[in-house]
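By written order: A, B and C. Residues from 1 in each chain.
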Amino acid sequence: MTEKTARIDFRENSRNASPAVVAATQNSTRTALRKRAAVVAEFGEERWQELRKAGHEIRMHALTHLDRYLAMVEEKVTAAGGYVHWAKDAEEAREIVLGLATERSVRSIVKVKSMVSEEIDLNPALEARGIRAYETDLGEFIVQLAGQRPSHITSPALHMTKEEVAALFCEKLGIDACPIPEELTEHARLRLRPEFLNADMGISGGNFLIAETGTLLIVTNEGNGRLSTSLPPVHVAVVGIEKVIPDWESAAVLLKLLARSVSGSKITAYSTFITGVREGGPKEFHLVLLDNGRSRILADKVAREALLCIRCGACMNTCPVYNQVGGYAYGAVYQGPIGSMLTPLLLGTGLAGGLPFASTLCGACAELCPVMIPIPEILLHLRKRFVEGDTFESPSVPGILKAMAKLGRIVLGSPTLYHLGGRLGKIFQAPLRRGDWLPSLPPPLNRWTMARPFPAFQGGFRGWFKNRKAAVKQAEGKLHE
Amino acid sequence: MEMVQLFITCMGENLLPDVLKKMVLLLERLGVRCELPEAQTCCGQPFYNSGFQAEGRQMALRWMKAFADTGGYIVAPSGSCVEFVKHRYPAMFPEGSAEQERAVRLAGRVLEFSQFLVNVLKVTDIGASFPHRVACHYPCHLTRGLGVRSEPLALLRAVRGLELIPFDESETCCGFGGIFSVVYPEVSKAMMETKVKNILASGAEAVVVSEPGCLVNIRGGLVKAHSRVRAMHLIEILAEGGST
Amino acid sequence: MSNTKSSREVILTDVHTALAAYAASPLQPIPTSARFEPRKAANLDEEMEMMLLEVKRLGGRGLKVHGRDEFAVALDDLVKTERIRTAAFSDHPLYRPYGIASLLKGSGVQVLSPDGDGRRLADCDLGITAADAALPETGTVLLRTTQGQPDALSLLPRVHLALVAPEAFRADIHHAFAMAKKDRHFVLVSGSSRTADIEKVLTLGVHGPKSFHVWICD
């Protein structure tokens, strides 16, 4: 992601979205939302809102004291026998991991699904050094086999049908696989079991870092997170600096929010708590703390709330835009509403300025977000950055749009021109008019009429209102005579 | 006697004058005196939400000037425009400035049509009759932005003969989204078509869409689909069969 | 890594600068609005019933077992129905009076040691753990990770049996954390290993156990 320099063209990407991907995406997100609604109802709507509020406050407190909590994490992890590394950017993070691996002659690695690992493009770097890295989360294993990228942050293979997965397993694993999820899962289990047992290193991300004790918290449903962090002799966790939370009380609140928001479970199957090294566990524990643009986001008072994100994916599931285009249209590691914020924040609006516009500002995401990120607010903030620029970036909007906006402002800003415009509209539309509608308009307005006709300009309300007032006044006058 | 300032919105004025006329007739029937601040044009939302915040702010100043020296509530047939004035204006100007003070004052006066009827006038039954199966779409800014959910329902439930029927994803965005519909027309189209499909599947004869932008979008979609289902503003339903 | 120190300083300085508005003040206490009132426990019987119900909802099987004799019968039954041939268990003092090893041997099961990193448990059929806490609301057991109870014991065998004492019940996750955080290494287990990565179809037994049993032993 960091090396990618091409501008992300959401429109072009969305045109290329395959109908099959979109259908599979909708099918999965609908199920996820239904389950989520059921567990939230069981928890109680009112209590849930209190929980969300607490989650928001915890994350805000952690972010606004991030320097102290990071120092606390470093101190506690070191005291518990772990090593802490700091990576300013993706390249440094990759170098640290590669260094650890080559120093120990590591040949095979088991990995726990991690968005940060995708963000720093770790797998290709490992492969380039001849180190085999196995993604062990089932969905991530599938997309890795397919040579693809995850299309959803918690459900990487959400866009694929069981038939596609079966065909993929037949081709890549050389087995006879039926399109039955249970059987496909069994194939993955058998394929990966020996890798867990033989790996020289386990690499994970982390859901949270509990500053109070320097504890890394990883949740997984499949158990791959536990195997990857307990069997290999070395465990490396690459974690974004924003993942720090103050204490265990905070962890209790956030775990409740996370499981219910991700998959509609009351709790994730496994929550693993790792504090440095332990008897019977890996001999070494390395924590890589990654900045990669996060401290810059932190300096932005509006956008910093995007860092509250706990990566549950609920905003994507509920987003009507994501549901029409699938994850790939966002052209980056983070998709949906969270992607429309994080991608331009990490890559700049010059490359990703189109993403904040890939939203109708309908607010469905903010309504579900477990840590109450004001997503539409941040999207507006980034739209402004793209158009007007701010202290972080200069504007990237094409001049022609700027000129059009200026003209629009002048016309709409003057009652005389505004009314003249309305009258001219009525005159110019005459040849295009079919009854009450304008079925097709010239560019750029054909972008509207390609989907549905535009209603004909009507106007006349002010005149009607004036006449009516006058008539009423006259009637009243007569009454008083 | 209650007096209101009509906030007709640029979309309402140019594309839906009939809705505005019916709104005036309904309000007058309920004993409300309507006034029309002549200098109003657009509230600035299309600019502001497209990232042109400076232009949006200039439009907001204009709008505030048009309404500042008037009295009574400011009522609009749009939740989106109301939400913009109510929530965005006060946040648009520097803390403690005269502009912000003015924005906060105006924000306290502005109401969407159904809010005004149910919460201020305390009426739900205005004698309308519409003996049809009706589905209700929940426009995003009205529902989630302003939190107006029960008011339109209360008004619809009081309409004679009206059978309110549920439809799938009635709270999902219709794909309008202002500038979104022209920046990403294909996605907007797909969202609108999903909305139309759900409306048609419900078996409704009419669908209530109380938001000018969404109304123009969904109405156009139904026309394009050659459907006979009518997309109507709540005001248009309330004006049916009454004594106007 | 010569640059490590400087990267550390760069990041901490950047973060500190970004938080300039807050930097002057010392670490503020966590606001009370960031706290959440945990669930309150009902009476123990109800809590135990809830636990059994939630375990069932997770696709597992819960059981109340009174005394050694019932335990012996239940274990023999489990061995038969799950076709257990090899097993390993956590040698917790609380369950020593049951003589788990001899019961297993009596049922014809080969007993393995769980000690070490647990690689040898890969071919084991049954792993028996002792829970330090039970959370009835979610059907969760808290397992300390120790030399005698490694992660692998509740993970590699295809059947996982967790033993819970009535004293281990905690009303909410907050109480369990308050108790266990000093141990620093533990895991919360709620049901079998599961996935819904293919078409959101819930499938049990991915990389961990396919079958999850919780016995409340008093």
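One rule holds for everything that comes next: a contact is a pair of C-beta atoms (placed from the backbone, for glycine too) under 8 Å apart; a residue touches a chain by one contact, two chains touch by 3 or more.
It should be emphasised that the depicted structure is a prediction, and the values quoted were computed from it without experimental measurement.
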item	value
Chain contact topology (line, ring, star, complete or other)	line
Chain nearest the overall C-alpha centroid of the shown protein atoms	A
Centre-of-Cα separation between chain B and chain A, whole angstrom	31
Approximate Å spacing (C-alpha centroids) for the pair chain B, chain C	53
Complex contacts: residues of chain B adjacent to chain A	6, 8, 10, 12-18, 20-21, 24, 34, 36, 38-39, 41-42, 46-55, 58-59, 62, 140-141, 144-145, 171-173, 175-194, 216-217, 219-221, 223-224
Contact footprint of chain B on chain A as seen in their complex	10-11, 14-15, 320-321, 324-325, 354, 357-364, 366-367, 380, 383-388, 397, 405-406, 408-409, 412-415, 418, 422, 425, 437, 444-445, 447-448, 450-455, 457-462, 464-465, 468
Residues on chain C engaged by chain A in the complex (per definition of touch)	1, 3-4, 7-8, 10-12, 14-19, 22-23, 27-28, 30-31, 33-38, 54, 115-119, 122, 137-138, 140, 145-147, 150-152, 155-156, 172-174, 177-178, 181, 184-201, 203, 205-209
Chain A - residues contacting chain C, complex	24, 27-28, 31-32, 50-51, 53-54, 57-58, 61, 64-68, 70-71, 74, 80, 85-88, 92, 96, 99, 136-139, 142, 155-158, 160-162, 165, 181-182, 184-186, 188-189, 192-193, 196-197, 212-213, 215, 221-224, 226-227, 229-231, 241, 246-253, 255-256, 263, 265-276, 278-281, 289, 291, 295-296, 298-299, 304
